[in-house]
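In structure tokens below, several structures.
Each of the next two complexes has chain A plus one other chain: chain B in the first, chain C in the second.
Moving on to the complex of A and B:
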């Protein structure tokens, strides 16, 4: 009799713990949903500011360069790949019923090979030089790589601007920067959207299972 | 809600755009323009001569392509094909409604927010009953 009672008590406490855990999970899900909703609205507002700045700079560039020099008729229709692309990864691949894509921006990727492969790699060679010199060599190699990469990025940026001619207004360059900033925000908005929809679908599932 | 198909992961997916000329110009400056071998672009410039059918066809084309991760659409353009945008429910490509020069962003029309807002209306009904 006592055993049956203790079994029943154990089951009751397990059930209570289970319900408590489910409640905590649901609350966490609600918090996640509200956080991503807040992030989404804040980022959209921030995006609006960046776009407004970009349109303003574009209008200024158009005024200084002339209306015909900044027009859709000058767009490049030859075959070419985008320099700025998106990487998609799946955040929770173990849960196929709740897809949650994660987006990241890859800006100004060049079609050349990785510039670091052009820099000689001396890591396998033994040096009798003092460690400080070796470290300086490694640092200067790192600096060389980053300067090569930033030169490539500048080339890609300039390539985008040359659609509108060789000499462009500085306002066009600032418009380019504004729209690049807008792209960063767009990717964050896409991730906030993904998080929001994922937690929303989880809440709906919880609601269905509880009713 | 979201599609149950596997998300196509990709290392170099595109951003597609359906917007006015200035917005497209700006994003092309940022390097997102792509023209493939069939001379198809990843953008559609919407002006007063663009028909609703063209916008619908482009939207359907962009949302069915495997190489597109995000579709940016000006909200005033999305309002022209609202039924199509609201009925879209795949996780990729993500559809993002953006403001345009002449039409500021209105959260009341955003398809994602209108999808989730009923959650709040249900909550407010429950609190009224108490």
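Moving on to the complex of A and C:
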């Protein structure tokens, strides 16, 4: 009799612990979701402000150089590879019902083949472009290489502005940096959204299992 | 008074001087700009401009308006006024008025050549050309592969032909070569215009000497600042500076070796007229430099109207109208982008 009671007490305490753990897990999921939502909204606001600044700088450049020199009629229609590409990685390949894609930018791809900047061999990687200079490589290769890479990036930036002429106003370069920042923010927003959707689906799963 | 212009000027050119002074009184005032700066939409701007001399050009434009439409219609007014003066002018005023348009002609040539290099349709590019710089064979520019062909096939029969002697090469056209061609042509044009005004003599020479020297100096500063951090070498940069002006030759020597905006400031502050311009800027800043130069230019252009019996008033009027169109473009952009707090960053009041 005493054994049965002790078993029952043990089971009750285990159940209580289990419920407590489930509650804690659910709270953690809610917090994660709210954090990712907050990050998403902050990034959207920041993107809006970067784009606004970029368009204003472009108008200033047009004021400085003349409206005929900065115009969509001068865009290059020749076929050429994209200077910036996006890489998509699936983080949770073991759970196909809850995919969590992670986005990253490869900015200012060089036209030459560069063996040191090979894309890592990852079966989940979807890469739609020729080899690019991954900015993450700068941290592991030291300051000398990082200054060479940043010079290359500066050259690519200047090269992309030559559609408006060889000598452009500093205001146009400022506009370019603003739009580049906006592009970085768009990728961060995509990652924040992916994290937010993943937290939300986790919450829904927890809710279903608890009910 | 520099000579005996008062005795003979009005025989051939008195009517047109009166016309251009009448045109000048139609320029927008500070009150007009204050009204425009308070507009909420481009339609409000159109409504305010309808009450000015731009009215007939904008009143039939349908909504929604675009900033480029406002600029195009305002430019049409300038073109009509120019054509009216041109058809009434006799030599040497007609030649002087033609000189005023050569800058636009150079810009149009570069636009067509650059657009063709980028495989754009030539008809699209022709729509974007400035009307004052059009000439008959401009569409044929799309055929040329290098500068020699450009000259031989098209430009040999245009007023720009004499300016090509320094930039005829068989190198294929690319973005940097085209930029060098633009600046070399403009340099040759300014020097030729300067010599023409000197030959005219009298008040015209005195007033145009100052205005063209300022233009040459401003171009030298802009070329320097825009070429910082590019592949343009110091020697190539120096070759693009005009051979006259306050900065010629010692200022050019210093500007040619400048590597940042503070070095440019150091070179320019040695010249009192430019010291006041750079005094308006803080160190390391170049954003307000354009506005500072435009303000100085407007001041000099307005002073040209203080004297009579010279051709400088025609040049000054055309430039003041172009500044007015730039002001309208800037105000329209600020209103369209909801950046009204920044509208005074680039508006230059004329009166």
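The rule we apply is simple: the second predicted complex is superposed on the first by the 180 of 211 C-alpha atoms of A that agree within 3 Å, B and C clash if a C-alpha of one lies under 4 Å from a C-alpha of the other, contacts with A are read in each partner's own complex, and residues count from 1 in each chain.
Assume a contact is a pair of C-beta atoms (placed from the backbone, for glycine too) under 8 Å apart; a residue touches a chain by one contact, two chains touch by 3 or more.
Small disclaimer: the values here were computed from a predicted structure and weren't measured.
Novice: Following the superposition defined at the top, how do chain B and chain C come out on chain A, clash or fit?
Specialist: By the criteria stated at the top, chain C and chain B fit after superposition, with no clash.
Novice: Is A:166 touching the first partner chain B, the second partner chain C, both, or neither of them?
Specialist: Once the two structures are laid over each other on A, A:166 reaches chain C alone.
Novice: After the superposition on A, what does A:68 contact: first (chain B), second (chain C), both or neither?
Specialist: The answer is second: A:68 touches chain C but not chain B.
Novice: Give the label of whichever partner, chain B or chain C, reaches more residues of chain A.
Specialist: The partner that reaches more residues of chain A in the superposed model: B.
Novice: Once the shared chain is lined up, is A:201 touching chain B (first), chain C (second), both, or neither of them?
Specialist: Touch status of A:201: first partner only.
Novice: According to the stated criteria, A:90 is in contact with first (chain B), second (chain C), both, or neither; which is it?
Specialist: A:90: touches chain B, not chain C.
Novice: Please work out whether A:158 is in contact with chain B alone, chain C alone, both, or neither, and reply first, second, both or neither.
Specialist: Second partner only, chain C.
Novice: For A:55 in the superposed arrangement: first (chain B), second (chain C), both or neither?
Specialist: In the superposition, A:55 contacts both chain B and chain C.
Novice: When the two structures are overlaid on chain A, which partner does A:78 contact: first (chain B), second (chain C), both, or neither?
Specialist: Both partners, chain B and chain C.
Novice: Given the touch rule stated above, what does A:109 touch, chain B (first), chain C (second), both, or neither?
Specialist: The first partner, chain B, only.
Novice: Once the two complexes are aligned on their shared chain, state how close chain B comes to chain C by Cα atoms, in whole Å.
Specialist: Superposed on chain A, the two chains' closest C-alpha atoms are separated by 5 Å.
Novice: So which positions on chain A get touched by both chain B and chain C?
Specialist: On chain A, the residues that contact chain B in one structure and chain C in the other are 55, 59, 71, 75-78, 163.
Novice: Going by the contact rule at the top, pick out the chain A residues touching chain C in the complex.
Specialist: Where chain A meets chain C, its residues are 52, 55-56, 59-60, 62-64, 66-69, 71, 73-78, 154, 158, 162-163, 165-171.
Novice: Could you list, by residue number, the parts of chain A that touch chain B in their complex?
Specialist: Those residues of chain A that touch chain B are 33, 37, 40-41, 44-45, 47-48, 51, 54-55, 58-59, 70-72, 75-90, 96-101, 103, 106-109, 156-157, 160-161, 163, 172, 175-176, 178-180, 182-183, 186-187, 189-190, 193-194, 196-198, 200-201, 203-204.
Novice: Which residues, counting only chain B, touch chain A once they are in their complex?
Specialist: Residue list for chain B touching chain A: 1-15, 21-37, 39, 41-42, 45, 69-70, 72, 91-92, 94, 96, 98-99, 101, 104-105, 107, 112-113, 115-116, 119.
Novice: List the residues on chain C that touch chain A in their complex, please.
Specialist: Contact set of chain C toward chain A: 68, 71, 107, 110-111, 114-115, 118-120, 124-125, 127-130, 175-180, 182-183, 222-223, 225-227, 229-230, 232, 286-287, 290, 326, 329-330, 333-334, 337, 339, 342, 345-346.
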